[in-house]
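What follows is chain A paired twice: with chain B in the first complex and chain C in the second.
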Partner chain A sequence: MLEVIKAVFKLRWKYTVRYPGWAIFFIFVPIVFSLIPIILGWAVAGGPQQATINFKLRVGTENYTLFMILGSAVWVLSIGVMWDFGMWLREEQEMGTLEQLLLTPANIYHILLGSTIFTVALSATQFISVILFGGLMFGFLPELAKPSTLLAILYLVLGIVPLTGFALLIGCLIVSIREAEAIIRLLEPIIAFLVGVFYPITIMPSFVKYLALLIPLTISLQDMRAVILELDYVFNPYLDMMILLTYCIVWPSIAMITYRYVERKAKKEGGLGGY
Partner chain B sequence: MVIRDAMKNIRLLGRMSLYLLRISLRYPVNFVADFIELSFWILVFYFPVILFLPQQAMEGSASPVLYTLWGFFIFMLISDTIWSIAGGLRYDQMTGILEQNFLAPINEFIYPLARLFRIFIRDIPILIAFPIIFWAITGFFLIKNLALAMYILAVSLMGFIGFGYLYAGLVLTMKRSAMSANVIQFLIMIFSAVFYPFKALPEPMLTISKLLPFSYYIDLFRTTIIGTQPELITEPMNILGITLSPFIAELILIHIFTAIFLAIGAITYEKMLIKAKREGTLHTY
Partner chain C sequence: MINDIIVAEKLRKIYRIKVSKGLFRKSLKEIHALKGVDLRVKEGEIFGLLGPNGAGKTTLIKILTTLLLPDDGRALVNGYDVVKESRKVRASIGVMLMGERSLYWKLTGRENLEYFGSLYSLSGEALKKRVNEVIEFVGIKDFADRLVETYSSGQKMLLAFAKALINDAPLLFLDEPTVAMDPRNAALIREKIKLLRDEFGKTIFLTTHLMHEAEMLCDRVAIIDVGQILAVGSPQELKATLRGKSSIEIDVKLDRIDEVIPAIRAIDDVIDVASSYVKVNGIDAVRIRVLCNSPRTLLPDIIELLVKKSIDVLYVNPQEPTLEDVFMYYTGRLLTEDTRQGV
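So, the complex of A and B:
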């Protein structure tokens, strides 16, 4: 099992380092992305100072840069996992190697696990880089140097596990529908909107809020902000953690069942090797 | 003779655009995604604005939110040009059909332009729906000086096409079109103040903004349609004894930029194409 995971990890690593430009791009895009609402905030408030006052009145913290960069970093993490994992399946299909891969004597779940670990490692590196660069730019790194940050990291990790299941589901959809780029492109703003990338989800209408809570990283992000910036939790710290733990089981299970169904269907119809 | 050639090229452009449109209609998810995607991006950037707004700001007629609306509107055209002319050419190069298509007896300038027109045919409903969706979500909508704004948009579009040819020429040799297109888009988004008024930018960033031609296109179109004064040139200018208002000065400036973009774009595209043909790299992945 470990050998398969290691081999898949190595293979994907080799592919990735051949295109280093994307790494730089993925670090700076979220920071630039966060700059837009920040500057827009200054514009509508009439200056950075007034922006701080207005933001504190509505959200409860003055540190809107950390609030937004954190949201942006979580967004890029979720998009990274979905892009990387979903596109990996599709690319294997496009290149014609997906069918070959499934014919090898390796357990498919081990292959998927290897790819998942790589994807998570890559996206987590992006997440950390965004926080570090953002922190250096806006000077909020000292605020993260406290023990409660560890609790925030725990919330994040609990969100990442179900996210991989979510990503596998997207992968299944892509293998079936094929228009991979369009699906991911569509999901990017939907995820950004639902997880509350630049705002607390409390400002959304309640039905949208509950829909947003189905995405694992929504709770993670809100609670990370709650821990670091002393804001409100989605429900309360214990219930939120219980929900995330439940998601850790539910999402990957649904994804595995769906994957099995899609794979069986594709094998029967011969769609695995289809461009 | 000239008129006959022009008519022939227009017919060719129409036929190629339709053929490309037919291809894009074969991907319905992609087509639908274009509509839905936009609405969600509006929401993503609109909600944080609410968090910063002073209570009374929601009542102003020239709210900063309107700058977001019209900035995004013109930005879509810039983005379309970059992606369709240059990105499309690169896509054809990757799929191996570029060399074959350039062997056909057609004007080589028409080929990338057809890609742009195909995008425009698809985007016209989006561009019309966009202000309506924005109004439905935010409650803000304002159009003034429509005819003048459309004229500015047309001049801007010519400039974007010139830039598209310039970029297409470069892409033919440097290849990494997707990444560079993303970088260019993000630079424009930030420094050309697509989502916010220029007055929101800190002084060092504003200096960079003033060096970018795209800033003037965006500023002039946006302030004209909202009915406010240009933000980049704020004082009347005196040139050769003639006093130009900020609006006229920016209007002249965008015409000059358009002429420069078209000239440089055409020369670069032609030169790079000849180079690629000579070196046999038109089909290179």
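So, the complex of A and C:
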């Protein structure tokens, strides 16, 4: 198992580092992305000071830059994992190598796990880079240098595990349909909206809020902000953790069952080589 | 005693595809890719599956290598059921499928082999040793450390062939192993295939639509067309089924050919006629193949007919029967024809 995971990780690493142009996009886009609502807030409120007062009134913290950058970093993490993993599957399918993987005796879940670990490692690196650069730009790094940050990281990790299941589900969708890119492009803003990248989910209508809570990173993000910026938890720290732990089992299980179904259907209808 | 390393019994595969019938209406069309295929391949032989595009060759190879599930029937490979014991089947076979599309172009050849070796549970020194052995055997040392995207088509095919050998399996499935290759590399692969059987005792199941390749390489050949196995035997046995029949190959300029074929077919003693488009010295031409009992008496009649119809004859060659004639005898067509079932 470890050999297969290592081999897939190494393959993906080589593919990534041989074409390093993406690195610029990798760090700066999320920061620019979070600058938009910050500057928009200044414009609407009539300046940074008024924006701070308004934000404190609505959200409960003055540190809107950390709030936004955290949201933006979590968003790129979620999009990164889902997009990168799904598109890896599609790329393998288009190149013709997906069928080659299925011709080997290696357990397909070990192959998928190897790729997932790489995707998570890449997205986590992006997350850390965004926080570091954002922290240097806006001067909030000292606020992260406290023990409670570790708890925030735990909430993040508990959100990433079910996210990988989510990513595999999207991967299943991608290998089954032609218009995969359109679906992904559609999902990006929907997820940004639901996760609460630029606002707390508490301001959403109830039914939207509960729909948003099906996405693991919604809870992670809300609770990370709760820990670091002393805001409200989704429900309470323990219940939120229990929900995330349940998601850690439920989402990957649903994804594995779905993948098995998609693979079997493809084998009945003509293979995973075409779509 | 020689065992059957591949056994297929009454294998059926039906593809159901959606056909558009107007803006919102769709109907399902069934394509019977395999219609009850029975097949046995003996251990240690080179077995060729010969048929035109769309005959069912790739479907059969995909079922035997566990990429597709049959709708009916069963198949055993190396004694394992392809549906119930698919992982054991995959561990015991080497596969060359889809040629150059089976490779990672942004990796080097060696990295490709190492990667796939890892997926067959090879690691460390054993993996490195096996990769070097395969590189040496196939003769790709000169370019093994270059990125695959810089390879020629022939080099990619050689690497795909090397990849099929990485797990040292007793049974190899090679789907059109020399397709799109230059003659030199194609000859090299054929030579290696023979060596794998003679020196290493491998069983090789290959598909091809090149009858000279099948004749040159295979101990036994199965002729497949529109999802059915029409004949199985050694090339000699298959040719013997024509019992004294011969063929005449005539290349003519591409002109009024539709009139000519029925006219030839109407001549006494002609058993069958088939044609395909070819280039002869840069000229677009049609190759007509006439299967008959006595070419010596028939040839003047055919030439007279062509002259009467003012057809330019480029080349005439009376021949001993080949597998092409066997194929034509069973199907009424040439191997080069595409028999995909239209949608």
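Observations on the structure shown:
Here is the rule we use: the second predicted complex is superposed on the first by the 273 of 275 C-alpha atoms of A that agree within 3 Å, B and C clash if a C-alpha of one lies under 4 Å from a C-alpha of the other, contacts with A are read in each partner's own complex, and residues count from 1 in each chain.
Operating definition for what follows: contacts are C-beta pairs under 8 Å (C-beta built on N, C-alpha and C of every residue); 3 or more make two chains touch, one makes a residue touch a chain.
Keep in mind that this is a model prediction, so the values were computed, not measured.
By the document's definition of touching, of the two partners only chain C reaches A:Leu101; chain B does not.
Applying the stated contact rule after C-alpha superposition, one finds that A:Met68 touches chain B and leaves chain C untouched. After overlaying the two complexes on the shared chain, residue contacts for A:Lys267 are found with chain C alone; chain B is out of touch. In the superposition on chain A, A:Phe193 contacts chain B only, with no contact to chain C. Looking at the shared chain after the overlay, A:Tyr210 reaches neither chain B nor chain C.
With both structures placed on the common chain, the touch criterion links A:Trp13 to neither chain B nor chain C. Number of chain A residues touched is higher for B, counting chain B against chain C. Of the two partner chains, chain B is the only one touched by A:Arg58; chain C is not. In the superposed pair of complexes, A:Ala45 makes contact with chain B only, with no contact to chain C. Taken together, the two complexes place no residue of chain A in contact with both chain B and chain C. Residues of chain B touching chain A in their complex: 27, 29-30, 33, 36-37, 40-41, 43-45, 47-54, 57, 63-65, 67-68, 176, 179, 182-183, 186, 189-190, 193, 195-197, 199-201. Contacts from chain C toward chain A in the complex involve residues 15-16, 62, 65-69, 71, 87-88, 90-91, 95, 97-98, 101-107, 111, 114-116, 118-121, 123, 163. The touching residues of chain A, when paired with chain C in their complex, are 3-4, 6-7, 10-11, 14-15, 18-19, 95-97, 99-107, 111, 264, 267-271, 273.
Those residues of chain A lying in contact with chain B across their complex are 21-22, 25, 28-29, 32, 35-37, 39-46, 50-51, 54-55, 58-59, 64, 68, 177, 179, 181-183, 185-186, 188-190, 192-193, 197-199, 203-204.
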